[in-house]
Amino acid sequence: MTALAALIRRDVSVALRVGGGALIGVLFFLTVVVLMPFAVGPDLALLKKLGPAILWLGALLASLLTLDRLFTADHDDGSLDLIVMSRTPLELACAAKALAHWLAAGLPLVVATPVLGLLLNLDGVATGAVALTLLAGTPALTFTGMIGAALAVVLRRGGLLLSVLVLPLSIPVLIFGVAASNAALSGPSPFGTPFSILCALSLMSLVIGPFAAAASLRHGLD
Amino acid sequence: MTLGPYASFIIMSYVAVATVVAALIIWVIADYRSQKARLRDLEAAGAVRRSGRSAVDVK
Amino acid sequence: MRETGLESALPALAPATISGAMTLIDLANPSRFLSLAGRILPWLAALTVLVLAVGLYQSATAPDDYQQGATVKIMFIHVPNAWLSMFVWGVMSVAALGTLVWRHPLADVAAKTAAPIGAAFTFLALLTGSLWGRPMWGTYWEWDARLTSVLILFLMYLGLMALWRAVEDPSRAARAAAVLTLVGAINIPIIKFSVDWWNTLHQPASVIRMGGSTLDRAFLIPLLVMAIGFTLLFLTLHIAAMRNEILRRRVRTLQMLQASKSA
Amino acid sequence: MKLSGRGLRCVRGGREVFSGLDVMAESGHAVAITGPNGAGKTSLLRLLAGLLAMAGGSISLEGGDPELTLPEQAHYLGHRDALKPALSVSENLSFWREFLGSASRSSPADAAQALATVGLDHVGHLPAAYLSAGQRRRLSIARLLAVKRPVWLLDEPTSALDVSGQSAFAAVMTEHLKGGGIILAATHTPLGIAVRELRIGGTA
């Protein structure tokens, strides 16, 4: 347990210190959301309707972009070798790294949501609903994205390839996240159904992600 | 002075400005103190500047 | 090493500035700047407090606007912050020129420390604008041309701060930040123009213009005093933050010295 | 304790690096793996560390902890130093101490002791970014000391070390061997301790 706590602590502090990229993700989120009205138009009624979708797309892209270096940074400086050799099962180490990433880069997105909701003319209930769905859904984005991050180590290529690999995997999360937010905002359908499916997707990814990432790391090292 | 029906907005904006300005002032002062303390520690550890002057004795 | 860079830049400046620009030499030397800052800061701070106190008193006693009522009082803090949001970028642009063209040793210190202060004032301009807009528009946020431009400016400040944070070595970050600052300075009018055009395209001018062009003297004088007060506040904070940054770099140099001694 | 690998075969990128390689090392002994560039020195170490898949052969460690695999009882010191520049020297070391070791068996004092042994105790609070290449290498060596593991797999351990650093490291290795440890080191230069040489690759 101390080993995992140490890993989480290290990753979070590296992400937050000088040179770390955690807060850049939030900035990216902010910029993407601010950009949208320039394409759509400043019509507040329309923005309100599109709000949850815009926020979800922004959060999806922001969490994906920061995932790029999740494993490659450790691979480049040799830490990954030692992590693979340690007594801690690689699956748990991967889960710890993803959790640290979510704490440093995913949670700030949720915290930033209310401010952005204001810009998109969402009322309190809608903003709360979007923030809640992001809180439940961003772990799923991180934990499915980590599979791509592990593949990036194996393929020695990150960036766009990672996005192409991972984006299709995150479609279900996007569908149910936006559906739940919209249900809370206006829809006739209840909020509970899509939200519980979203939570189920998150829980599933918590299990599948670490195993898949660990498997691809084990076979990809050389 | 009466602030009319929107008094809360006016007060809120003044309070917000006061808070942020106070935060800036506190940040500047705290940063100054911590840098001075680190310089003093380094001096105590025997680090001397190239010019031989003390790094701390500038006011 | 940073310190060496700072001081070896001095002889290069000296021949060109034999008598006329003694202040430049004074300021170019970080140690001189530190002692000067130590002497100036208390006076500057006192002056700032005085001017802001007068400005606040005048704003409090200013009459209500016949159209906006008492909410016009928000203008007295909103406009100075909005002015500073642009003024600070101007300061940073001059500093960026100082970094790129004149290689002035204090230029990047000035540029780096201005960014967070500028971001704070820009944030306040947005916040007060939004609080002012709520009674006017009925919403906290309207994609009004002015507010939107300030929002983009705010994002650019944050990006600049992120750039400074992303690189550990300040002298390497300085060049990149200087280029970005100047590009930003050129782009801000273009962005402002585009946003104006985008805004009028979508919304025929039904939005209430904030702080219209013809201001009554009763508003103008408090506004001017507040603007001067906030500018003084910025100068005080900036000089203090520059002093901190110089000390921080001195700490860094000494630490690297300490590390290399043990090799 | 006895580490032995028999008939080892390694294939990388479709190319056979070596095959039918036997390697053996006993408690208290050091083996220097030598050979020309590309002979597979690093590959052999990574194979033993479990970082490369074996294409054939078997590896065993007799007399070790039966519940642990060989990689879990081995330290691997590679070309890369496994340090985070943003963290301080002591944060880097204490992370690896907590992550690799069982905290019960090593105390923070061990980490301080390890830093002192490699001569970095006075820069513990500085960011690792300020260290020179030689200092970074010494910090990696401190990791071997802060967490006790019987088998050391060292890849060019003395590169970037100056003469005094090399002799200090020789003392560290001698101490480890005295305690019953095993060292396998890939190297071009003499390590400064008594070693058995294992030459792999052609006769270049």
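For the reader, a short list of remarks on this structure follows.
Order of writing sets the chain letters: A, B, C and D. Residues in each chain are counted from 1.
Methods note: contacts are C-beta pairs under 8 Å (C-beta built on N, C-alpha and C of every residue); 3 or more make two chains touch, one makes a residue touch a chain.
None of these values were measured; they are calculated from a predicted model.
Set against the Cα centre of subunit B, the chain with the most distant centre is D. If you tally contacting C-beta pairs for each pair of chains, B-C comes out on top.
If you average the CA atoms of subunit B and of subunit D, the two centres end up 47 Å from each other. The distance from the centre of subunit B to the centre of subunit C, each centre being the mean of the chain's C-alpha atoms, comes to 16 Å.
One inter-chain figure worth recording: subunit C and subunit D are separated by 52 Å, centre to centre, where each centre is the mean of the chain's CA atoms. One inter-chain figure worth recording: subunit A and subunit B are separated by 35 Å, centre to centre, where each centre is the mean of the chain's CA atoms. For subunit B, residues touching at least two other chains, in rising order: 45. Among all residues of subunit A, those that touch two or more other chains are 18-19. Of all residues in subunit D, those touching 2 or more other chains are 85-86, 122, listed in ascending order. Chains that are in contact with each other form these pairs: A-C, A-D, B-C, C-D.
Those residues of subunit C lying in contact with subunit A across their complex are 130, 139-143, 148, 151-152, 155, 158-159, 162, 165-168, 195, 198-199, 202-203. Only residues 18-19, 21, 23-24, 27, 30-31, 34, 37-38, 41-44, 47, 118-119, 121 of subunit A touch subunit C when the two sit together in their complex. Residues 168, 255-256, 258-260, 262-263 of subunit C are the ones touching subunit D in the complex.
Within the complex, the subunit B residues that touch subunit C are 1-7, 9-10, 12-14, 16-17, 20-21, 23-25, 28-29, 31-32, 35-36, 38-39, 42, 45, 47, 49-51, 53, 55, 58-59.
Those residues of subunit A that touch subunit D in the complex are listed here as 2-3, 5-7, 9-10, 13-14, 17-20, 76-79, 81-88, 219, 221-222.
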